[in-house]
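One structure, as structure tokens, below. Some questions next.
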Amino acid sequence: MTLYNIENFEYRGTWMRPSERTANQIRPVTFTRNYTMHAEGSVLVEFGNTKVLCTATVEAGVPRFMKGQGKGWITAEYGMLPRSTHTRNNREAAKGKQGGRTMEIQRLIARALRAAVDLKALGENTITIDCDVLQADGGTRTASISGACVALVDALTNMRAKGMINNNPLKFMIAAISVGVYKGQAISDLEYLEDSEAETDMNVIMTETGKLIEVQGTAEGEPFSFEELDELLGLAKHSIREIIDIQKQALA
Amino acid sequence: MTLYNIENFEYRGTWMRPSERTANQIRPVTFTRNYTMHAEGSVLVEFGNTKVLCTATVEAGVPRFMKGQGKGWITAEYGMLPRSTHTRNNREAAKGKQGGRTMEIQRLIARALRAAVDLKALGENTITIDCDVLQADGGTRTASISGACVALVDALTNMRAKGMINNNPLKFMIAAISVGVYKGQAISDLEYLEDSEAETDMNVIMTETGKLIEVQGTAEGEPFSFEELDELLGLAKHSIREIIDIQKQALA
Amino acid sequence: MTLYNIENFEYRGTWMRPSERTANQIRPVTFTRNYTMHAEGSVLVEFGNTKVLCTATVEAGVPRFMKGQGKGWITAEYGMLPRSTHTRNNREAAKGKQGGRTMEIQRLIARALRAAVDLKALGENTITIDCDVLQADGGTRTASISGACVALVDALTNMRAKGMINNNPLKFMIAAISVGVYKGQAISDLEYLEDSEAETDMNVIMTETGKLIEVQGTAEGEPFSFEELDELLGLAKHSIREIIDIQKQALA
Amino acid sequence: MTLYNIENFEYRGTWMRPSERTANQIRPVTFTRNYTMHAEGSVLVEFGNTKVLCTATVEAGVPRFMKGQGKGWITAEYGMLPRSTHTRNNREAAKGKQGGRTMEIQRLIARALRAAVDLKALGENTITIDCDVLQADGGTRTASISGACVALVDALTNMRAKGMINNNPLKFMIAAISVGVYKGQAISDLEYLEDSEAETDMNVIMTETGKLIEVQGTAEGEPFSFEELDELLGLAKHSIREIIDIQKQALA
Amino acid sequence: MTLYNIENFEYRGTWMRPSERTANQIRPVTFTRNYTMHAEGSVLVEFGNTKVLCTATVEAGVPRFMKGQGKGWITAEYGMLPRSTHTRNNREAAKGKQGGRTMEIQRLIARALRAAVDLKALGENTITIDCDVLQADGGTRTASISGACVALVDALTNMRAKGMINNNPLKFMIAAISVGVYKGQAISDLEYLEDSEAETDMNVIMTETGKLIEVQGTAEGEPFSFEELDELLGLAKHSIREIIDIQKQALA
Amino acid sequence: MTLYNIENFEYRGTWMRPSERTANQIRPVTFTRNYTMHAEGSVLVEFGNTKVLCTATVEAGVPRFMKGQGKGWITAEYGMLPRSTHTRNNREAAKGKQGGRTMEIQRLIARALRAAVDLKALGENTITIDCDVLQADGGTRTASISGACVALVDALTNMRAKGMINNNPLKFMIAAISVGVYKGQAISDLEYLEDSEAETDMNVIMTETGKLIEVQGTAEGEPFSFEELDELLGLAKHSIREIIDIQKQALA
């Protein structure tokens, strides 16, 4: 049985995305390494107009609950600059707390990266990923994860150069994409205009080995069928493969 | 093509769950309505030893951002009593903030219930769902959603009795289940001991019409394959059907 | 001189409480032990429709300010589920702070229980009492204290079984009651309807040996006389004796 | 029956308080009016070395929950300057929250003053009492209440002068005293050294008409008997009468 | 008398700044307009390695305390990305409050810009300036002010294009520079290495008309003399003139 | 060249300050030592109607970031009593955070005092300065600094008496004054009425040796010229000399 392949797409009549892209066409994706100078890994990731600065900070030691286990830790924080969006959002630092969406996204980023790393091989060190959205146009969480993985690779290289670790703790590259059902059609890499009207929204994180790290699908309007889920997963698999190729070129 | 059917399960050798249940066997599920006396809907939901008190509160009016649209709103809050768990968790009210996990769960509950309701038919009224975990043994978020749906039905009935609404805004019942891969085998309705060692953890919310509201699958250890995802979805579909039957009996 | 005896009551004409109880009649009081399964002590206390879940958690060690004194510590936290009341109260965890009433009550609970225990005999261990109101109908703080004492006894038994302590640190059982002046008449164990219109409201905590732990009397409307205070204390003494009997039966 | 009279005291042998005062002797009490220049009422109250600045601020309007009832409101806030005590306490503004003790005291002050005022006669105006402890030596809450009452009288006079009210809303003067059992002997107006070793601590608020507004007695060490309570109340009655005389002289 | 002119500098022997710049030589300064796409004004300002994204957001209406005065308002917020610095700073949104330094800087930015604008001519509109430091190497507050002024000009042009205002409310351009005494020598535009060892640190904000908006000089080590102050002000005047020229070129 | 001397003042026509003082005339300044009894240094400073209680608390040990350097630390906190001002300000402890102005002032006070002390000679001890404004009439921050210096001297004397330090760590006395341009004329020690209408506001902190610790000048309305700055600094120098004389008399 061939599951979730791009061949499964069925185009339902003549149709044009607001972005004028084909259903499975992602936006131009770029990873600019060493975007800032202080962090052990610093990558500006762009998915079209979505731009996120991902930095990886290496610190010796682990949080208290991890001490003495001989293992490392990876954590993540996410933020949007107040005017990264169409209208200004209140600054979370000024409000005095991070919102639920922020918490949810940073937990997702951290969990995904921990799944990609052998924490034993990391030793008792902590890597903190910061994903700060400079400009938002849909897909900030999936861009963040894809960019954070590149920043993580750079930070691990830096750790090896300094002799903090001997082996590469990275088990595999990971990348993420948002897919969704828009006017009844499964499409990949939704930008804001598409995302805000999608019936179903799904974020998928996969490894370079073609396995799944996380699947989060939500019916924004009507519930979705297993067939639609199938199509979306096929699209995601296809797009993530493209992104991982671009990550590898950036790291080459 | 038959997708995600329980027939897809493949049992991998002789094997016993810690709970001594079969792979697709859910725990005893009960819904006790009118568990407390003040709320418009009040349901104690039990999935085995997991016990959650779900109340639905009806209030006239909507939050500011919804005003003047002629639509209602559904929101949700989730909390665990400090000693609902094996070891005591700090009380969030005393810490002064809700943690990321709490935020994530209450956003999920609210989103799922909004998907089940025609907000236009609700009028400019707000329903607040409170899910408070009295005792936890795995699956608190899926039990919460399943119980909240029953409390919501009672609250809507109450609103009709009071003349606040004329038609039933409920589009369909919803229920949720957690499924996971434990020692290589897909199993349904994980209890704490199983959950804490599962390789993959997935929460699925479905409608009584067999469609999907939310799918959240996470690789806790190794990444999972599309085949495993397929099995998990089949299991979830099967279990949710059982839970919806029990909900309906409770409401009969 | 016989002070504060039930014989002092003076009935002022024919008269009926909203609750249809006699002036010194308390509501049905029950203590359900082992109500939840994780805590070292877990008691559902019911004073009529007022229902509070009291758990006692045992942890080795004491807070920093107590270290090295060879003594234990008892602390308490109190909360109301948002819809335990007629109209929904905002969740304190969501508001980001506990209100003054909550703070006042949890300080009272902790102080009362510490007075009942020989902290030396407790060793450097901490017992945390959580009182969570599932349903409120007046008298939640006095029900909490009465229930917490039973949960505390169970927790101390558990500690002895585990060898954490050798002797019983409990000096005496304690219980509490609310009494008040309602339409000029002293009455015991006020429920919500009575409490909200009482002129004077008093909470009394006593030991099984007939001594006082705490007396808190407040003029809600008109100031009260020493004669009324006298009557109220007599009533309280009488009712607490009844509650301590019920506690002992529950523990038998 | 003569209840709670100073004649009831029984001196148990030759005995000296640390303060070298007799059992029923209060410290020198003074009220300095117009201590600061901006507030409508501003009183420095001194009970020996305990010094509290009490200001009363008049503002037109009432909090939202009181609107449209044609009644006024009185609220209170309490604070200790960080170094008003033997060792420095952390500043609550810097900690980001008021502690439980602070909350408890400011609720007590406000409740007591509201009991002394006809809120109808106050009109839809709010009086905010601020009690800030400049120097602490025991009894700050009872000094605060006694001083706040004087500041309140000045604020009400100010309101009448401005034509905000026509009649005097004050029903009666109130004052407060702390009494306690120290080495087995009931004593009045405990200073810090006495207070920190008292077995029982009681705060009593009374009206000039000899009635009770609030009684709060706490067993700090051993529980106390009804006889001890009787003695303490008698002492309190005696001392409050003295304080009210001094208030009246200050206002004359 | 010629006050504060660059001619006043006195070079004290042969000497080299860590930055290998001459005493009055500022770093390369650039203003990249339209750096992000959503804000009405968006400028990336670079002072050497210090990079700050300054956005200006226009919103109709003013804060409550300004309502009905027919005047506009300008406010500012400042933040550093956690890894904009050598070692990672905790994210203020996660800590739940902005630090004193952040507050101080954002108050300074807002005050300076308000001084440059005729608030009457702005109408009842609010401009919010966000200065987010992407990379820090000394002088982030003065770079922020200099960049914010350019973003403000773009926002005002945008308002006129939309017909929100008729006249240009800008009274004059402003710019800022940090000057300091390093090893006894007054130098301009300190970078981190210089700043961290400076004896005196001064931030100066001036108008294009050569007047002062703000002077903030601080003795970090030894107090400074009036002569040193004189030298520093002369340097600042000279450097600000250069920066205003670059601003004008960027806006041409 | 004579810089910043009082001789530089130029009186621009016949003119009267609201305070009926001459341009360089400060208000009556007094320092009352030992104003409260617990603190190691306790000074009530009065600049006319501005009254601030400054206490200095000595504690062994230093904050974590200073440990092991063999140096001491000085920190400061500032607060205004809610009704120290014309209209009541919300209590910062109740709001749950200190405002930007408070933060800015307390940072300034601490920085100034640290500049006056040889932290090595202080040993690993911490001095905490609390400046609490009892009554405000302009110039609270400069009064705070001037009073805090006297309290600091008393605290250091106390430390020497106790043998905590051997030498006097004070390098020089410091004092502060606010100066400003009011209706085109430079004036010293502005009271509230003058301050609220000043075009330029400047706070200056100087040593008894005539050197500068901090200069903070702000254009409240129109920008100011270098000539005005010159005049203001001359005034400040003159007034600070007077204040330091009064400090010395108080300490004599």
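Here are some notes:
Chains: A, B, C, D, E and F, in written order; residue numbering restarts at 1 for each.
Operating definition for what follows: a residue touches a chain if its C-beta (ideal position, glycine included) is under 8 Å from a C-beta of that chain, and two chains touch if they have at least 3 such contacts.
None of the values given here were measured: they were computed from a predicted structure.
When the partners of subunit A are compared with those of subunit F, the chains appearing in both lists are E.
The minimum number of touch steps separating subunit D from subunit E is 2. Using the contact threshold fixed earlier, the set of chains in contact with both subunit B and subunit F is empty. When the contact pairs of E-F are matched by residue number across B-C, A-B or A-E, over half of them reappear in A-B.
Ranked by separation of Cα centres from subunit C, the top chain is E. Distance from the subunit C centre to the subunit D centre is 27 Å, each centre being the mean of its Cα atoms.
Between the CA-based centres of subunit C and subunit F the separation comes to 52 Å, rounded to the whole angstrom.
We define each chain's centre as the mean of its Cα atoms; on that basis subunit D and subunit F are separated by 35 Å. Touching two or more other chains at once are residues 96-97 of subunit F.
The chains touch one another in a closed ring; read from subunit D in the direction of subunit F, their sequence is D, F, E, A, B, C. On the subunit E side of its complex with subunit A, the touching residues are 36-39, 42, 49, 51, 53, 55, 57, 59, 77, 79, 81-86, 88, 91-94, 96-98, 102, 128, 130, 132, 134-136. Touching subunit F in their complex are the following residues of subunit E: 1, 3-4, 97, 99-101, 103-104, 106-107, 111, 115, 172, 202, 206-207, 209, 211-219, 221-227, 229-230, 233, 237.
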